[in-house]
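The following blocks contain the structures, represented as structure tokens.
Both of the next two complexes hold chain A, though its partner changes from chain B to chain C.
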Partner chain A sequence: MAEMVRLDGITKAYGETVALHPTDLSIREGEFVTLLGPSGSGKTTLLNLIAGSTAPSAGEIWLKGRDVTQVPANRRELGMVFQNYALFPHMTVAQNVAFPLTLRRRPRAEIRREVMRALELVHLPHVAKRKPRELSGGQQQRIAIARSLVYNPSLILMDEPLGALDRKLREALQFEIKKLHEELRMTVLYVTHDQEEALTMSNRICLMNEGRMEQVAPPQEMYFRPATEFAAGFLGVSNIIRVAVEGRGAIRVGERFALSGVPGLTAAPGEVVPVMIRPEAIRLAAGSAAENVLEAEVEDVVFLGGVTNLVVRTGQGERFTVRQLTRRSDAGWQGGMPVSLSFDASDVVPLNGAAPQ
Partner chain B sequence: MARQTTIEERVPSAATRLIAWLGYAFLLMPSLVVLPMSFGTGTEFDFPPKSFSLDLYREYFSEPSWVASTLTSLQVAAASAALSLLIGGLAAYGIVRYQFRGKKLLTIFLLSPMLVPTIVVALALYLYLGIARATGTTWGLILCHAVVCVPYVIVTMMAGLRQVDRNLEIAATIMGASWFGVLTRVTIPLLRPTILASGLFAFLISFDEVVISFFVSGVRTQTLPVKMYSTIHWEISPVLAAVSSLLTILSLGICILVAALQKER
Partner chain C sequence: MRFIAPALVLLVAAFLLPLLYVVYLSFGGSSPSLEKYAAIATEPLYRQVLLNSVYISVVSTGLTLLLGYPIAYHLEAQPPRRRTVLMILVLMPFWTSILVKSFAFTVILGKSGIINSFLQWATGMEGHLPMLFNRFGVVVGMTHFLLPFMVFTVLASLLTQGPELRRAANVMGATRLTIFWRIIFPLSLPGVMAGILICMIMSMAMFITPALLGGRGDLMISNLVEFHVRDTLDWEMASALAVCLLAITGVFCIGIARVRGGQLFGEEG
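Let's turn to the complex of A and B:
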């Protein structure tokens, strides 16, 4: 599919502080890409650079094959949804949604038709005559979304649009935005600091950290093959340990536990590298009789209903979080119990860029 | 929080309230005396009036020189309010919305007529109009009043503009609005109460202004306050009570209107 956005070494510095280090990114038409990262990681900065409300310090921005780096914000034909809705308080809902069409001097009848169609898309045609302040937060954001798509902009930017809403409403709107994206084949660049939101909504996630793109990957890959310690730690629960490389794809985890055939391990023998194992990939057995296992002791047991989380501690003092499906036949894990851990080589994820891109 | 606010601290004591009311009473006294006097009769001020009549008001409205100076004042106040809204509004917009070198200095310069003693401003304007050969002209008076009104407009408009959410302007721009489109479709409509309030204030300042007008107005451009002032000098006519009452009511009306506008926001 055609390329919608291309960033070429785009950079933003405010005096001494670099808000965004040189960044490259390409977004295809119809893609839903999410910028995920902690507060202050440069997500809003990147969005504002694309929107044109901030000028870059260096680099180029291409939209639909056109260099728009010098094009003012009002000529970029983009849509944007803000966290605080940014609806015009002096206009009715219908006037708000009509605003971009009025600017484009569309015929009256067409404006009326398009506004109603957009309001129906967000299930709010009945509030057309009201003022924004008479609506709930969720309704206001739906109106803002309707306003951002009514003029079919080539790209819609959303900066933490659900950040001000409570959890239930957030989930409902996540679903609706996702549905609109699929039905209307919009290209969306979405910003959030909520990893679940990013995982459920995106075609691809750009993980941001301290003004840099840490990793760009589809949600599944981002979760199962994080490239860096930051990525592994930011998404889900992870165990990050340091292991000695013994050969090609071979590592030693503990005295009695070695694995071979670890995928994507590029470090040379003798090196000590960080790797990640997800809590659900670890097998746990009582006692310590078995061959090729890691001996440990149960420190803590947290029963969560369907799953049980255990914290275990190995002889070397490393802590692992282990997640197990709860079974009624379980003898019941208890603190102080000796246990043995094991996992498959395919579940070991080498970090710090060692994973294949 | 450094410390807890106790009930005693929030509710003013009886003594404080008494002082406050005495202060109000002192400030209100002249108006309260003048109002009953304006309904008196005859050729002398008398308080309390012995009988009630509208004679003084009738006299005011039938005397051509009073009517002429009132019209001059209204005309000058309306024009200088409009002019200072334009100048002050643009200045406030530039100061609040843009970063540039010398911004602090420019702000102080623009507000300086508010900081310099009125008599100094009056003398300066008198000399200036003399050079420009504009002494005694209506437009000269309008310009002079605008000089005094502009700082007030700037201060209120700056406060109003800071209240306007930048994101609304950015949102409008991204949807395709030009700078002018944002200004006319978003910023100005949102500022409407502020614009009206500062316009009314400017009108009132100009309408009440006496020191500068005294220096620069001529025989044919005598404003109402100047006419009142010279009346005191030549003949202490009780018509003044009626004029003062009307002025007080006008000021009160405008203040109530401004307060209502503030509430609307």
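Let's turn to the complex of A and C:
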């Protein structure tokens, strides 16, 4: 598919402070890309650069094969959805949605038709004559979404659009946005600090940290094969430990626990490298009799309903979070119990760039 | 209740009671009659003064809006620090006594004042432009006095808009001009109406400016009140005029409130 957005070494600095280090990114037509990261990681800066609200300090922005680095925001043909909706309070819903079309001097009949079509897409054709403030937050954001897509912009930017909504509404709207994206084949660049939102909605996640792109990957890969400690820690719960490399793909975790055939391990024997194991990949057994296991003691048991989180501590003092499906028979996990841990080599993820590309 | 009691006592004693007394006096005091109001309605002098007041107020308020809106718009666009400095500059004339300011205008606008001297020197013209002791002088002085009120009222309403709506409009394809006329200006109308209201109320009751900068034909209601209080000692007439001024201003307030509450200017809270 054709390339919709290309960023070439785009950089933003405010005096001495660098908000965004040189960044490259390419977004294909029809793709849903999420910029994920904590606040201050540069994701909003990047979005504003693409929107044209701020000028880059260096680098180029290409939209649909056109260099738009110097093009003002109003001539980039983008759509944008804001966290606080940004609906015009003095216009009705219909006037709001019609606004971008009237700017383009479309014929009246066409405007009326397109506005109704957009309102039907967000399931709100009956509120056309109302003022935005008469609507709930979720409805307002759906109107804002209708307004952003009514003129078929080549790219729709969404700046934490669901940040102001409560959890249930957020999930419903995630689903709706995702559906709109698939039905209309829109290209979306979505900003959020909510990892679940990023995992459920995106084709690709672009994880940002301290003004840099930490990793760009599809959600599955991002979760199962994070490349850095930051990526492993930011998405989901993770156990990050340092292990000694013993040979090609072989590591030693504890005195009685060694694994071979760890995928993507490139470090040389003798080095100590950080690796990640997800809590759900760890097997737990009572006692410490078995061969090739990590001996530990239960420190804490957190019952969460369907799953139970256990915090265990190994003899070396390392803490692991273990997540297990709750079974009635497991009710016996208690603090102080001796247990043995084990996991497969394939679930060990080497960090800090050691992951396969 | 306990905390507002002192303020309430003060208001009743120093404001409400005197006001009621003024109303009482205007209707003839101990020998009730509508004589003074009849005089206001029929005598040409009073009608002329009333017209003067309305004319001068409307023109000054209009000019204030035309000058004040761009200033407020400019202030709003400044970074907070710079805006504070510029706001102090706008406030500067505010700190000066209106008496001093009016005298300053006699120096600027007078027969051999700064402007006329410059024009005579530059164009070699004979005589001078009449800018003082006439309506022009009153309007200039009054506009100068009203400007901060308009600027701050409009600025307050512009500042509540925030940058998001403009950014949204901009990304959707609107130029700066379109953004102004379709977003910023309509949303600032409540502030504009409030500014007009404040300026009209103040200019209708203005006293010093017409007295110092105006001519004989530029008497306003307040000047007439003063005349009756001090010169003819006709306090009943003075009271009746004051009540008329209050009534006109009140009607104006209600009118503006109606317009603001109605559909014309939207329903921004």
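Please note the rule applied: the second predicted complex is superposed on the first by the 356 of 357 C-alpha atoms of A that agree within 3 Å, B and C clash if a C-alpha of one lies under 4 Å from a C-alpha of the other, contacts with A are read in each partner's own complex, and residues count from 1 in each chain.
Heads up, the rule we're going with is that a contact is a pair of C-beta atoms (placed from the backbone, for glycine too) under 8 Å apart; a residue touches a chain by one contact, two chains touch by 3 or more.
All of these numbers come straight from a predicted model, not from anything done at the bench.
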Joint occupancy of chain A by chain B and chain C, clash or fit: clash
Using the touch definition from the top, say if A:N292 reaches chain B (first), chain C (second), both or neither. neither
Once chain A of both complexes is superposed, is A:P89 in touch with chain B (first), chain C (second), both, or neither? both
Look at A:R104 in the shared chain and tell me whether it touches chain B only, chain C only, both, or neither; answer first, second, both or neither. both
Using the touch definition from the top, say if A:G52 reaches chain B (first), chain C (second), both or neither. both
State whether A:K131 touches chain B only (first), chain C only (second), both chains, or neither. second
Considering only the touch criterion stated at the top, classify A:N152 as touching first (chain B), second (chain C), both, or neither. neither
On chain A, the residue positions that both chain B and chain C contact, one per complex: 51-53, 73-80, 82, 84, 86, 88-90, 99-100, 103-104, 147, 151
Residue ranges of chain B in contact with chain A within the complex: 165, 167-168, 170-178, 181, 185-186, 189-190, 192
Complex contacts: residues of chain C adjacent to chain A: 164-165, 167-175, 178, 182-183, 186-187, 265-269
For a test of understanding, state which residues of chain A touch chain B in their complex under the given definition. 51-53, 72-80, 82, 84, 86, 88-90, 99-100, 103-104, 147, 151
In the complex, chain A touches chain C at residues 51-53, 73-80, 82, 84, 86, 88-90, 99-100, 103-104, 131, 133, 147-148, 151, 157
